[in-house]
């Protein structure tokens, strides 16, 4: 019963060494949506306005609900190509 | 003292076998512009509305003047590529 | 900048490979390459086409293509460009035309490649005569719209 | 339709040659091929760049690119498409991305190739970190505009 949280590129640098965090949502019953996940993982760091969020590899916004087994990712604007 | 006249693609078929005609402008003093050249070479055939004209390999219209040594070409809309 | 009128079949990818190898002075400078290749289909306007003859106006064709490439190079800051066009007898699946441009940024590459191609289609003196499967042949009267 | 995330250097012209050889069922059907290749420059935003690291989100990147290609195939009647993108450590003059589409007519090819490329640049989860000549490195913060 857990959520996998990933950070990429400069967002990983912002959060620190851990780029993947397991969040146990049974123990953290206040976690309902993506914003809650950020607050839980980010050690008080403000989320940059331009951060992108994906749940299960689809783009969502911060209000997106999460459920057991979801994979949540935070990353900066993309710069491929 | 002559003009070289060329016909390409369907315009050559329209005019007949000769695809290149030398016009002596000393003997044909009435020839002043491209329209005159067509009338001289085309044996009374009407010039199709969409015909393209080049003098010395630059596009011109039918009123373009010609001078000794010019190369005049008539051809249909282009279909390369 | 190079314009080639080719009476033999050409391989577009090999041509690009060869051309790019000969521009080492541009290594690290170009970030974008846009390429268009036109290939002979086996059908046109509802008919099966077995073979094609491509006529051109020797001299004017080269001159016109070089003018287009020069104008486009100035407008879009092209670093390099390559145009190859087949003439003569062409078989199904043969490449007919290649347009390639090299630029710093992608916007210029996309726009310049398309602009050269549209100008070529509407103004460069080439004419196609199609040999139909039923034995007849016909001059192609117009190209399809590019925009 | 194929999407490749490649951690090794690739040759765009050889990749196109190989891919096209494996689509004989399309011979005579496609009249237009549009290709874009993005290549690593040795400068960006005024600085000299010696090397680059390209990070991606394994799984989401492939999934997103396949979705773009499928949507574009539907919208523009693509006959085939190929996308290759490098990840990992990249040197100056290495190709970074290849987008190629095959269609019946050129309008669709030009527009589809550009649309895939713009979507890739704005939404596919890749991130560049540049190694500058002065020894520092930095995340690239945004791409240049494509339109």
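The first chain written gets the first letter, and so on, giving A, B, C and D; residue counts start at 1 in each chain.
The working rule: contacts are C-beta pairs under 8 Å (C-beta built on N, C-alpha and C of every residue); 3 or more make two chains touch, one makes a residue touch a chain.
This is a predicted model, so every value here is computed, not measured.
Fewest steps needed to get from subunit B to subunit D, stepping only to touching chains, is 2. Using the average of C-alpha coordinates as each chain's centre, B ends up farthest from subunit D. Measuring from the averaged C-alpha position of subunit A to that of subunit D gives a distance of 27 Å.
Remark: subunit A and subunit B have CA centroids separated by 73 Å (rounded to whole angstrom). Rounded to whole angstrom units, the spacing between the C-alpha centres of subunit C and subunit D is 23.
As a whole-number value, the distance joining the C-alpha centres of subunit A and subunit C reads 49 Å.
In subunit A, the residues that reach two or more other chains under the touch definition are 81.
Subunit C has residues 38, 106, 117, 121 in contact with two or more other chains. Remark: the chains found to touch one another pair up as A-D, B-C, C-D. Here subunit A touches subunit D in the complex through residues 6, 8-10, 13, 52, 54, 57, 59, 73, 75-81, going by the rule given at the top. Residues of subunit D that touch subunit A in their complex: 38, 54-57, 59-60, 63-64, 85, 96-97, 117, 120-129, 139-143.
On the side of subunit D, the complex with subunit C involves touching residues 11-14, 16-17, 20, 27-43, 92-93, 104-107, 109-110, 113-114, 117, 121, 144-147.
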